[in-house]
Amino acid sequence: MKFGIVTFPGSNCDYDAYRAVVDQLGAEATYLWHKSHELEGVDVVILPGGFSYGDYLRAGAIARFSPIMREVVAHARRGGPVLAICNGFQIACEAGLLPGALVRNAGMRFISDAVHLRVENESTMFTSQYEKGAVLRIPIAHGEGRYVADAATIARLQDDDRVVFRYCDAAGNLTGEANPNGSMRAIAGIVSDEGNVLGMMPHPERAVDPLLGPPDGLLLFESLLARTAV
Amino acid sequence: MSNVAPRPGDPRITPALVAEHGLTEDEFQRLVRMLGREPTFTELGIISALWSEHCSYKHSRPLLRTLPTEGPQVLQGPGENAGVVSVGDGLAVAFKIESHNHPSAVEPYQGAATGVGGILRDVFTMGARPIAMLNSLRFGSLDSARVRYLFAGVVKGIGDYGNCVGIPTVAGEIVFDDAYETNPLVNAMCVGVMKESELITAKAEGIGNPIIAVGARTGRDGIHGASFASEDLSEASDAKRPRVQVGDPFTEKLLLEASLELIRSGHIVAIQDMGAAGLTSSSAEMAERGEVGVTIDVSRVPVRESGMTPYEILLSESQERMLVVAKRGHENAVAEILQRWDLTAAVIGEVIAEPVYRVTEGDTVVAEFPGSRLVTDCPRYSPEARESDAIVRLRETDVASIPELPEEADPLWTLERMLSSPTIASKAWAYRQYDSTVRTNTVIGPGGDAAVLRLRGSNRAIAVKTDCNGRYVYLSPRNGARAAVCEAARNVACAGARPLAITNCLNFGNPRRPENFFQLSEAIAGMGEACRALGTPVTGGNVSLYNESPSGAVYPTPVIGMLGLIDDLSHVTPATWSEDDAVIVLLGEILGEPADGLGGSEYLARIHGTVAGAPPKCDPELERDTIACLLECIRAGHVRSAHDCSDGGLGVALAECAIANRSAVVGAEVDLSAWADVPLRELLYNEAQARIIVTVPESSLAEIARIAVKHMVPPMVIGRVRTGSGNLEIKHGKNRALVAPLDRLAAAYHDAIPAIMEGSVESAAVLEQAAVTTV
Amino acid sequence: MKQHRVYRIAVQIIPRAGLLDPQGNTITGALHSLGFKHVKSVHVGRHIVIETEAPDALQAETAVQEMCEKLLANPVTEDFEITSAVPL
Amino acid sequence: MKQHRVYRIAVQIIPRAGLLDPQGNTITGALHSLGFKHVKSVHVGRHIVIETEAPDALQAETAVQEMCEKLLANPVTEDFEITSAVPL
């Protein structure tokens, strides 16, 4: 299985995603340049974190017009897996791959911390190796991570079981304090209609090496691997 | 030599204009002698920047020469953009610290942000990829609204810039003291890694090679920043506000990637940041290092605004710009790499054989200096050094006789008050705004003693930390500077690292005042002594003098940026307790010795509002032995945690071991009854140096004792970790004990700064004004 | 071909009402603590000034309208309004 | 005492001319690549709407002026302008 990691101007977690895939997962990975029109035959696209175009207008607003995004959208329409992390999530929303938007954190500040996430849906291609309700500890690092959408969208996400991760406390409870950015319904990650695009603000690629902390993000990548192994 | 004539429209050179440029009459005469004629306005501007302290080190160079700069690990000592040391396995680390004090005093957000940007460029222009940022900050008391605004703005500026570029900010220190009220200190440090073979220096070479300006366009911002950094802050500084530089971290990220690609491409011979004094100093320094001449045509420099004069173009400190010397004929290849990163490049000059520094505007020569003397031939001063009588008196104050406050009858009150001192309290409010885990190398992030970053491609890691206690340096400069080096060394050692080398940032007052120059020369002497004892050469640094405000100079603050090497990842050691029943052992300076005075302590400052007494004596040999002992214990696998005593002494250090990790607080029983004849406040709050609290399993005790004896370092067993206990209990003789509930200690330590900052008007102002996006 | 000239168009981009507005609330709170007790509410949006060449004001505005729809405003969370268009 | 009523005051805050405007530059570049080649410059500022009680429009404006100086605008890097003041 081959992962393609898009580098936009200002991406800075592309390297981390690459190392996670290659060093920890043992899979193949390649960087995809934002000006390119080629997905180079990759199976999974990762839209990585960072500050594409400095997040200067709105996080993700400019990057979604990059030439490569046309190919990424086509890949997604074909059912190809897209893992959109942090700034990637913001880009995916701007590009219409996922509903809603990510706006400034409720506390208005950038937050860097390790937070707890509860796995809400273990049946997606990104979470099949987790147990439902599992509590993960994963780093976040963002200033615009508050997930918002209109009521109808929120209801649809809920009804279709498309909320994949929620912010919770260490025991798995959804509390006000456990929601770091004020996201609606404590949403930390959602999948697209077809289930093949996952957007999440926390950084699973930073939680794969036991040297750096609990490797709770590794199963997410392994879920993707397991899918094609079948 | 060419004919240099004044440019139409240039102001006439008058004594007033010369003074405005910060040149003395003597310096002006020196310039006239150098040129053999009157300077033009442009030349006056150039010299004013180059002869500023910031660029010329005219008051500090002779002193800096006394520092040890060599060692087998040193690949590049002082003099380049950053120092470089070998860390084994063919890898090298480049690191440097720099100040951005005055810009941050005027505009905290942009001042701090551009400080981060500048030091990043210093590191990646050496060929190293930045992997970590640190900082060292000083503010006045948080009781002041202006200080809260500065603090909030500086922290946000550091965070926004580093986060956007994608370099983790992993460690630092923040001290609050009235001495820094109007003149905050903002020092930023960057650490990068590279293969040893990738090292590049900023030496212009090769006659006929083109000089290329890369990156952002040149605007009118920050003109004369270097001389601004070299004068006292005053009311008039307010009028200098248009000098504010605005940072563009997005362009910086592109520059970083493009520069590393350029360096690896083989198309260039040198690259340097256009930092302080912009194009002027970068081009002059590159020429000087390469012992060649250069010619620059300002009309070819891409500008942001129309009608910019040569003077303005040369002295602009617009950010995110680099100067590159390319190989002749490789201009297109260079341009291509830059284009890929959406950056522009313009050939603006050439390396020439003729030994001159020449600036033209089209065909007209607007400035010309003979030889490479521009940089080397600057004035040198050794002003009078005399210790202030007032400080001598302060140092000789008998602080032991200061009576306890009535509240201190309850020792828990005192401990809580110490832990909630903003200088001691958790700085998580600040570092939670810094991405500390991007690039996935951060083994220990902010919150421990030193940050630890793994070195990919090896089983090694580095530990880094900045430190300085300005109060010690104020009361006793030589000893205080020694202590700064030793504290930084202790901190990296606690994380499991062998201290390897330092960078430093000398934040002092106006050197023309004898008491300030005394502090500067003594501090540099003390720093050198400690570095020699510890075997940590100085590989670079920065001098920031004139840190004064109407109320006087700041505490002399020689901030040390320490780099340590961990040979094996299994040696990485946490600061906080976790293992039940582990034995708490104190290594180093014996408890209850005369060194245990309260002079210069945080206790006196916080509880009694007093800055006086002789600060703890720093003995670099004892520090060296204590560190060696600790490292041997760690390497032998005996140590579960290590944390040194510093601000707030043993009492605060014990509490930190218990509660610094708030989600896993751990109690302990400590027994200091063996020292029952020493007053409890002295035992707990004296800040004796060379003291490290380690926890070890019972079974290791004998081994620890053996290792300690070998290093002639006294080990003192003082207690046991009790994971089940909700208290930190400290016995002190019969019937006397401090039983401190962990939740109260944790609240004091962790909530102190948020309680002041969250919801403050100044915080809101910073968040509003710095809003890049306003969704 | 018609002669182009430069127009300066100002746009306001305003977060849609109904969304949690921490920025407005924070400022309101801060203004109250500064003594501006009479402040009832604060809302913050973006103010964007674009200078663009166009044959006439109408076409300049149309172009800016399009820029807003495509890039400058987020249709999920923001409304926009062109507030002025003047030739330079 | 004079009767208070509520005024809605709008303020524009823009980065001071001559200062680098990375945001504006980046957006200009983005608009160019989206095909809006005629765009000469973009500057992004904030648009703040404050509703406050005051005895009359003048006093409402004076108060907002003060709010800008004390809190809303950065005195070093930004200029502000009150663009409208209407009673509600």
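Note that the chains are named A, B, C and D in the order they appear, and that numbering of residues resets to 1 at the start of each chain.
We adopt the following convention: a residue touches a chain if its C-beta (ideal position, glycine included) is under 8 Å from a C-beta of that chain, and two chains touch if they have at least 3 such contacts.
Fair warning: this is a prediction, and the values are worked out from it, not measured in the lab.
When the C-beta pairs in contact are tallied for A-B and for A-C, the bigger tally goes to A-B. Between the CA-based centres of chain B and chain D the separation comes to 37 Å, rounded to the whole angstrom. Inter-chain spacing, taken between the CA centroids of chain A and chain C, is 30 Å. Taking each chain's centre as the mean of its C-alpha atoms, chain B lies 41 Å from chain C. Residues of chain D in contact with at least two other chains: 22-23, 26-27, 30, 34, 44, 46, 71-72. Along chain B, residues 248, 250-251, 342, 761, 764-765, 767-768, 771-775 each make contact with two or more other chains.
Shown for chain A are the residues that touch two or more other chains, namely 53-54, 56-58, 62, 65, 101, 103-104, 108. Chain contact topology: the protein chains form a complete graph, every chain touching every other one. The residues of chain D lying in touch with chain B in their complex are 15, 18-23, 25-26, 29, 46, 71-74, 76-78. Taken in their complex, chain C has these residues touching chain B: 15, 23, 26-27, 29-30, 33-34, 44-46, 74, 77-78. By the touch criterion given at the top, residues 4, 6, 12-14, 27, 30-31, 34, 36, 38-54, 63, 66-67, 70-72 of chain D touch chain C in their complex. Against chain D, the residues of chain A that register as touching in their complex are 53-54, 56-57, 62, 65.
Taken in their complex, chain B has these residues touching chain C: 759, 761, 764-765, 767-768, 771, 773-775.
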